[in-house]
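Both complexes below contain chain A, partnered by chain B and then by chain C.
What follows is the complex of A and B.
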C-alpha cells in the first residue's frame, strides 16, 4: 500500500468506502473468511474494492487480516467486502461452519492443539 | 495525531507478510488477550503467533469523546487505537486468533465488537500495578466472557504477595484460574492460554452446568 510518512494511509478510511458507513452484510464478523470468486473485476470498480479483491487473489483472508493488510479499519473492510459480495466478486463464510458450531469437542481440539505446540513431535 | 499506544507506529512492512489462510483452516476461533497498556499483550501474542502480529487501527466512537483524556485537545474529531492480533494454526483445522484488547471503559464499543463470538479472555495483570487492571476485569465480567487471569512476571515484580492476597485484590471468584506467566516465553504463554481453555472445558462439563431445560 502507498503510505504517507508517519504510516498513515494515503486515502482516509471514510473515503475508501465512497462515504458508505454501513455494510450491506451486517453479519460479517472480524473472523469471517473472505475469498475471491474468480469472476473478472469490471472496469470502473472503485480502487478500494479493487485493492481488497487483489488481496484475495492469493488466497482466503479473514476480514481483520484484510483490514490489517489494507491498513483500513475493520468497519471499512466490512463495507468493501459487502459490496464485492453483492457484485459476486467475493464470497464469505462464517468463522465456524454451522456443522461445527455446537461441537462440544471444539475446545478440546483447541487444548490438544496448544499442547502439541509445546511438545512438537 | 493517531493514538497507537500498543504497537509500532509507521510500521510499513506488514504488507509483505503472507497472511493468507492455509487451505486446511476450518474452524476460526478467538481468544482475547486483555489488559491495560504496557502489560505485555503484544509480547504474549508475538511469542505464540505464527505470523508476526498484525494490527488494525480502529476509530474510537464519538460517544467516548467526553471521557477522552487527551488533555487540551478539544473538538478532536477522531481518535484511533491500535488492536494487535496474532494467529496460531492448530492441528485438526482449528485456527486460533489472539486479539490484544485494550481494557479502558472508553473502548467499550470496540471491545464489544472484538469480543463477539470469542471463546474467552486471558486477562494479563502486572502485579506492580494491579489497579490498572480493574477496568478490564469490569469489562470482561460485564461482557459475560469466561476468563482466566495471568500475572505477567516482570523481573522487578513484587513476590511477597500470596495467591490469596492477589485474588482478594482482584476480587476474583474461587473458580477463576490464576496463573503466572512470562509473556516473552512461548511455552509459558501457551501454558497461560491452556489454563484458560481448560477452564472453558471444565465449565462445559455436565456437573458444572445448570439444570437442563427444554
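What follows is the complex of A and C.
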C-alpha cells in the first residue's frame, strides 16, 4: 500500500485490544464486511475501537481492509470489530461468495429433462 | 739566704691553691655530669614514649581510620575516627596522617571510576547484543501476527510480544545507563505514539490512561523519539510500581510555552523529602553514574532518565507532589525537539489516544458542515476559530464526527484510497461479462433449442419440416434477445 510507514512500529498490536486475541464473534472472517450502524460512540471507548469506527464512517470495509488501514493484524481487528458489534456500533455481513458460472451443458440437460417430463412419449 | 725556703713555701702555696681549685672543678664537673645523665635518661624515656605513641598512632591509622575512610566513600553515614591522642593532632604528625588519608581517598575514587567504567563497558557490550537479538525476535513475532489469524495462536503471540517488549525495555535501559546509544533509529513520529509505545513496554499497561491534549500532528524529531519513549516508560514504571494495583496512572500531554509537557500522575504514597531529592538529583543527570551506586538489584530507571536528559536536552521534574496523592513526574520536551506530521497523511497509531484538542474537532466539524457547500476546507486551517468548549472529551468528539457524510475531503479521501486495491475482496461491481456469455444469449440459445426441438417433434409428428418452424427458431432468438433487455440478468439465465 502506498504511504505506509517504514520502520518498526512504535505501538505493538496487543495494545489495541488490551492483550485480548479471542474475538467475541468467532464467525468474523477476513472477508466479512463491516459497516457502522451510525449509533453515537459512547464515552470511554478504547482508542483503537474509535479508529475502526472512524474507518467505517465512509462505508463498508472488509475485516482485512480495515486491518490494512489501521496497520493492525487481522486478528486484532476481528477482536475490535467483535466488540463494536457487541455494542451495536457496527454490524457485520458474511463474506460475499464469488459467483460461480453455471455450466451451459448442465443447463441444457436440465432443460431437456424438463421438456421430457412435459412431453412424455 | 731566705730565697730557697721562700721559694719552696711559695711554690707549695701555689700548688695547694691550684690543687684546691682543681678539686673544686672536678667536683663541679662530676655534679654536672650526673645532672646531664639524669637529663639524658629522662629524654630517652620521653623518646621511647613518643615512639610508642607514634607506632600506636600508625597502627590505629591502619586498623581503624583507613578502612573507615574507604567505607565512607560508599556509605556516607560512616564516620572516620580521629587520632588516638589528641596531642598528635596539634603536632605536625596530625596533618601528615590526614594527608595519608586524603591521598588514599583520591586514589580509591580513581580506581572506583576505572573499575565501574570497565564494568559498564562489559555490560554495554552484552546488552547491545541482547537488544539486537530481541529486536529480531520482535520482527519474527510481528510477522507471525500478520500471518496467522487463529485466536489461540494470536493470544500466545500477543503475550510473547509483550514479554519481549518488557525484556527489550530492561536491556535498553541497562545499555543507556552504561552510556550506550538508545540502540534504535526511528523516523519522525507522533508524540502520542512515542508515549503509547512507552506504555506498551510495561506489565501494567492496562492501568494507564492517556489524555492527549496536543494539536493533531504534534511530532518528535527522529532522534528524540526513542529517548522520549524510554523516559515515559520509566516514569510510568515508577508510577505503576509505587501505586496500588487498583488505581489508574494518568498521563496528560499538553502544550506549554516552550514545547510539550508529558505529565505522569500516580495515586500512590508519594516520596519522602529525601527520596524526592535523590530522585531529582538522579534524573537531572548532572553527576556521572556509577553502577555501584545504583544498589542491588540496581535501580536503573531514574539513572537512565538522567543519562537521556543530559544527552538530549530533555527536562524531567519530580519535585512536586501529585494532586492524586502520589508523585507527579513531568517530562518537558522543548520545541527544538518537536516537529509536525500531517495527521491526514500519516495518522498516529490506531491504539494511540485521540486528541481532545478543539482543532481536531474543528477540522471534523468544518468538514461536516462544509461538505454540503464547499467541502474543500483544508484540515488544520484556523484551528482555534470556532468556539468549541474544552470540556468536550474525545468520545463526544468522535460521536459528532462520526456522522460526517462520506463524501467529504481530507481524512475520508485518504481512507478511501486503498479501497480500489482491495476490490477483488469485495466484488461490489460485477465485471463486464464476455459477449458470448451474456444471459440474453444463453436465453436465446435455449429458446432456439426449444423451438428447434418443438419444430423437429412437430415435423416428426406431422412429417413436414416447414419453413415456419425454422422461422420460429430465428424468431425465438430475436424475441428473447429483445424481451430480455427488460428483465434482470438472473431472470434471463433462469429461463
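Keep in mind that, in the parts below, the second predicted complex is superposed on the first by the 86 of 121 C-alpha atoms of A that agree within 3 Å, B and C clash if a C-alpha of one lies under 4 Å from a C-alpha of the other, contacts with A are read in each partner's own complex, and residues count from 1 in each chain.
We adopt the following convention: a residue touches a chain if its C-beta (ideal position, glycine included) is under 8 Å from a C-beta of that chain, and two chains touch if they have at least 3 such contacts.
Computed from a predicted structure; not experimentally measured.
Colleague: Under the stated touch criterion, which partner chain does A:100 make contact with: chain B (first), chain C (second), both, or neither?
Modeller: The first partner, chain B, only.
Colleague: More residues of chain A are touched by which chain, chain B or chain C?
Modeller: Between chain B and chain C, the winner on chain A residue contacts is C.
Colleague: Kindly classify A:36 by the partners it touches after superposition: chain B alone (first), chain C alone (second), both, or neither?
Modeller: In the superposition, A:36 touches chain C alone.
Colleague: Just checking: does A:54 make contact with chain B only, chain C only, both, or neither of them? Give me first, second, both or neither.
Modeller: In the superposed model, A:54 contacts chain C only, not chain B.
Colleague: Name the contact category of A:45: first (chain B only), second (chain C only), both, or neither.
Modeller: Once the two structures are laid over each other on A, A:45 reaches chain C alone.
Colleague: Check whether A:109 is in contact with chain B, with chain C, with both or with neither, and answer first, second, both or neither.
Modeller: first
Colleague: Just checking: does A:117 make contact with chain B only, chain C only, both, or neither of them? Give me first, second, both or neither.
Modeller: first
Colleague: A:22 contacts which: chain B (first), chain C (second), both, neither?
Modeller: Second partner only, chain C.
Colleague: Residue by residue on chain A, keep only those touching chain B in one complex and chain C in the other, then list them.
Modeller: On chain A, the overlap between the chain B and chain C contacts is residues 1, 3, 5-8, 13, 30-31, 33, 58-62, 64-65, 68-69, 71-75, 96, 104, 107-108, 111, 115.
Colleague: Within the complex, which stretch of chain A touches chain B?
Modeller: Answer in residue numbers: 1, 3, 5-8, 13, 29-31, 33, 58-62, 64-65, 67-69, 71-75, 95-97, 100, 103-104, 106-118.
Colleague: Please output the residues of chain B touching chain A within their complex, sorted ascending.
Modeller: Result: residues 2, 9-12, 14-15, 18-21, 23, 25-30, 48, 54-59, 80, 85, 88, 90-92, 94, 96-97, 99, 113-114, 116-117, 119, 186-187, 190-191, 193-194, 197-198, 200-201, 204 of chain B touch chain A.
Colleague: In their shared complex, at which residues does chain A touch chain C?
Modeller: My answer: residues 1-3, 5-23, 26, 30-31, 33, 36, 38, 40-48, 50-55, 57-62, 64-65, 68-76, 78, 96, 98-99, 101-102, 104, 107-108, 111, 115, 119.
Colleague: Which residues of chain C touch chain A in their complex?
Modeller: Within the complex, chain C touches chain A at residues 135, 138-139, 142, 145-146, 148-152, 154-155, 157-159, 161-162, 165, 184, 186-187, 189, 193-194, 196-197, 199-200, 205-206, 225, 229, 345-346, 349-354, 393-396, 398-399, 401-404, 406, 411-412, 414-419, 421-422, 425-427, 437, 442, 445-446, 449-450, 453, 457, 493.
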